[in-house]
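Every chain is named by a letter (A, B and C) in the order it is written, and numbering of its residues begins at 1.
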Amino acid sequence: MRNIKAVLILLAIASLFLPLASAQDSIPLTDPETGARPWEGKELRILNTEVVPILAYQHEILDPLYEEASGVTLIYENAAHSDVLPRIQTTCAAGGDDFDIMFVEDGWAGALAALGCLEELDRFYLAAPGDSHPEDFTTRAFGTVAMAKEKWVGIPTLVAVGMFAYRTDLFADPDEQAAFMEQYGRELTVPATWDELAEVGEFFTRPDDELYGFNYRYGTPNNILFDYMIHFGFSRGVDFFDSEFNPLFDTEAAIDTAMFFAGQDVLNLQPPGRESFQFGEVMQNFAQGKVAMYGTESWAIPLLLDPEASIVAANTGFAPVPGWLNPETGEIQSALLSAGPAYMINAHISEEQKQIAWDYLQLAHGVEFSRILAEQTGAGHRISVLTDPDLVAKWPHLTANYEAAKVGIGRPAEPWWPEAENAIGRALQEVAAGGDAATLMVDANNDIREIVEDAGYYDEGLTYVSVEQREDFVCAKFAELGLEHDECM
Amino acid sequence: MRVPTSERILAYVILIVMAILVLVPVLAGSITAFKPQIIWVSSPPTWIFEPTLENFEFVFFTRKGWVYLRNSLIISGGSVAVALILGVPAAYAFARFRFRSSKALMQWLISLRMIPPIVVGLPFYAMFLYLERGLGIGLRDTFPGLIITYQTFLLPLVIWMMRGYFAELPAAMEESAMVEGYTRLGALWRVVLPVVFPGIVATAILNFIFAWNEFFLALILAGNRTSTLPMTAGTYIVRTRVEWGNLFAVNLIIMVPVIVLTIILRRQLVKGLTFGILE
Amino acid sequence: MPDQPFSTRLYHLTQRQRHWFFIAPALIILLLVVIYPIIFSTGVSLFRVTFASQSRPFVGLQNFERMLGNDDFIQTALNTLYYVVFSVSGSFLLGFGVALLMRRVTAGKELLRLILIIPITMAPIVVGLMWNWMLDPLFGLVNWFLGLFGIPGQTMLAQASTARMTVVLVDIWQWYPLVFLIIEAGMATLPRAPFESARLEGVSSWMIFRRLTLPMLRPVILVALLLRTVDAFRTFDIVRVMTDGGPHLTTETLSLYLYRTAFTFSKLSRAAAGSILMLLFIGLVSALMFRYLYRDVEVG
């Protein structure tokens, strides 16, 4: 129903702009139905990093479709993940036009917007919305991934929300169930709280059989912060900053979480090498059947469900992320981070290249293509996909993804965030190496305060852009574009 | 020198172990480049398999390895050519003319090797930025820009090595040529250079290896148009997995030309690597 | 002289200074690509400059103060020193040993030497990636090999306690052949007579080594140490690909830290200040070595 409503509204809006658009000599767009290919023979250069699986599946499945529809050749330049931000910053600061579209993680948007190299998308949308449908994302996701403060600069390539994957065959095995019952005096169930996670993890940790309880990412400052926040921190009530932009990593909750997540008890239930594991290793461990449970994000779905990539694809189940049992209220708290990269247009390229870039974004990352991707891989990030009855019937986890995308909290995207993220991530790694959590977290907190202060945030009247404020930005932007969104009502 | 047999056997054993320690990682890694994807990662390692070239195909065509190979060749070749054009005459002067500052200058040239690339790379980036913004001269992500930057480590080495080759020649050579009516430049060009040509080749090859393996300056100053091979090796470490087969295919493409050049050059290698300080 | 015509004096002047015609082009380029950047860096380090900054206020020595007061800078400087000390001494001892052993072999010498020098010709980034593969905790060859002897899987690069030494070992693996080549070349130039007479007098080989070989090789040894030291100071590529500075800050070198400060965190002027400090640091260490070196070696 919502789809139909959205389409009707869009049609109405589009019709308003029709005379205007034709008067402007409307921008020609790739149109698979009419077969119009105005950019035939052109090239589009994308600075990319082949990071999470969903991107690889997108390129494999959707790019040929786009190239066929448009006649445009896509040229990827893949950089190592840690090289991408330096590459974009150095190129942008020089006003370089050597790529048209860039891969921008949500935490980087502030730094790049400050450089003035993110092209705002409003005018392209107003002239020719195509299949872009920005209102097809939750406001939380759109505010985090596609916007730099109040500016709309990208179309999300994916929206990552926390997920919990587990081995259905192990949990359903009667022998395992009996053994667990004998050992712990309760039913073997997929863990719902941190304590249960540790208990079930201990049960499945059998180094002699090359099986371990679970595994998380501790390998890089960026990775460790993600898992700390997504899978533990938020549920314990940890946040990044208060409204005055004071960092909150020295709170009791933050320190407790660090002691649990990076403590030796939890580390011991993970495969050897865990201190250096990044995205790839933890995913590979699960896909090769070496761990029983895997705290991950929705971008892993395509690979986890792909029998060619995972030997346990047929035995993979998804559950809510285990939460923190609040001793006062007795309820299980859990909350999630939603984040992701968006493809953004380089502001320093020629007008024609910008038009081609928009054409690519609206079609290759539009509603129709997203649906194709979800059908084939089980991963989606647009509301229309996450709530589609047929798709939900095929992939039940989409509903949980949708709920998470509605409440997910995003990373700050201030210009100095990459540095702050590095400071707290390093401290967490040091905790995992056996350091004292309390001292390290307080020190890191002070470092972040200094970074924020250095950037002039305490004395120049700049304030923290909270998650709610971001939603306001999104709703204001949608209103400006003449779009309606349920969450903005 | 006469060496007791037991000592000799011990020496052989240790040296052969050292050689194995070199060869095993290099060879075991390299054969991964010929493994099909399914056995890139396996424990215990798979030694017997049907070799495939699909990794090379992927790296070379799908991932545009040939473009990076071309870039690497242009940048390394170009910067060596420039270093030779500038460095050979200077080396000749240092070898032939006695002048007051000559020793101090040569020492200064060695000291340039101490300068860490970050000290040069950062201001270079900033300078390119100002040139581009202020004067509209784009050098970042261009071949000339990188070729100029590479002179920081190539030019001193060329001067030091070539000075050694010139010094080995008797001065009488040009003098008699000059008596016959050649100018000094003419004598250098017609008489001296043909004789030191093998030295020039050795210098060029060694400098080419240095430029070929360079990573740091390229990381900062190269871009889409000029990415070099070493820059692309890291892109096969993706969050999903490390594509070992593809990675080692790139590694081989970087490694093999250099090893071949090394075999050609082995006798000259020390002189170059030590800046000729040993003479 | 004064009564010579101007043109003659000019001719003599150009004859006396003719070397500059040969040297000037190279010198100008070197001043441009080395000296100017250092001056430029020093200038930038006195201001506050980021990628995005519109204004560039003068801040005096603040960037230097902040760098020196920064735990991470101090930690990475100490890490760098650790690399220098262990990588240089390790590669030196190993290289020297191999050079001595090499004198004792005859057949296959060329081939052995050729194999041993392969590592120096490889790009450090390739070496790092290759050893990552060797050391992989799950399927790496090293653990497979240890497993044959019943030694459980090691995770050298993951542990803060072993990561730094592991990177140093890989660095030694790559660079000891350089020491070997230098020492071997040095040994080839030693005169034979003193050794032969010592041997005739029945001096033990150990005493010959201590009293004759070592002192006579001193200049060569210093060259090897100097080259290894300046190279170890700027370690970047190998760490970048093997650990990227982790776990936490245990393997991060100054070069890597300054690269990150400048290009990831956009603090260009602070990184410039750090790089000047680093240059002074290296200059100091090398100056001490140079003084030793030039006491006995005639250079140039």
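Criterion: a residue touches a chain if its C-beta (ideal position, glycine included) is under 8 Å from a C-beta of that chain, and two chains touch if they have at least 3 such contacts.
Here the structure is a predicted model, which means the values were calculated and not measured.
Separation of subunit B from subunit C in touch steps, taking the shortest path, is 1.
A centroid comparison over C-alpha atoms places A as the chain most distant from subunit C. With each centre defined as the average position of its C-alpha atoms, the distance from subunit B to subunit C rounds to 16 Å.
Rounded to a whole number, the gap between the C-alpha centres of subunit A and subunit C is 41 angstrom. The multi-chain contact residues of subunit B, meaning those touching 2 or more other chains, are 41, 219-220, 234, 237, 242. Subunit A has residues 86, 90, 93 in contact with two or more other chains. In subunit C, the residues touching two or more other chains are 138, 259, 263.
In the complex of the two chains, the subunit C residues touching subunit A come out as 51-52, 136-138, 153, 155, 157-160, 243-244, 246-250, 259-260, 263-267. Per the touch definition, subunit A reaches subunit B in the complex via residues 45, 47, 49-53, 56, 75, 77-81, 83, 86-87, 90-91, 93-96, 98-99, 278-280, 283-284, 303. The touching residues of subunit B, when paired with subunit A in their complex, are 41, 63-64, 125, 128-129, 132-133, 140-141, 219-220, 223-225, 227, 231-232, 234-235, 237-242. Within the complex, the subunit B residues that touch subunit C are 1, 3, 7-8, 11-12, 14-16, 18-19, 21-26, 28-29, 32, 41-45, 86-87, 89-90, 92-94, 97, 99, 102-103, 105-107, 109-120, 122-124, 126-127, 148-149, 151-152, 155-156, 159, 184, 209, 212-213, 215-216, 219-220, 230, 233-234, 237, 242, 244, 247-248, 251, 254-255, 258-259, 261-263, 266, 269-270, 273-275, 277-278. Across the interface of their complex, subunit C is touched by residues 82, 85-86, 89-90, 92-93, 111, 114-116, 218-221, 271-277, 285, 290, 415-416, 418-419, 422, 426-427, 429-430, 432-434 of subunit A.
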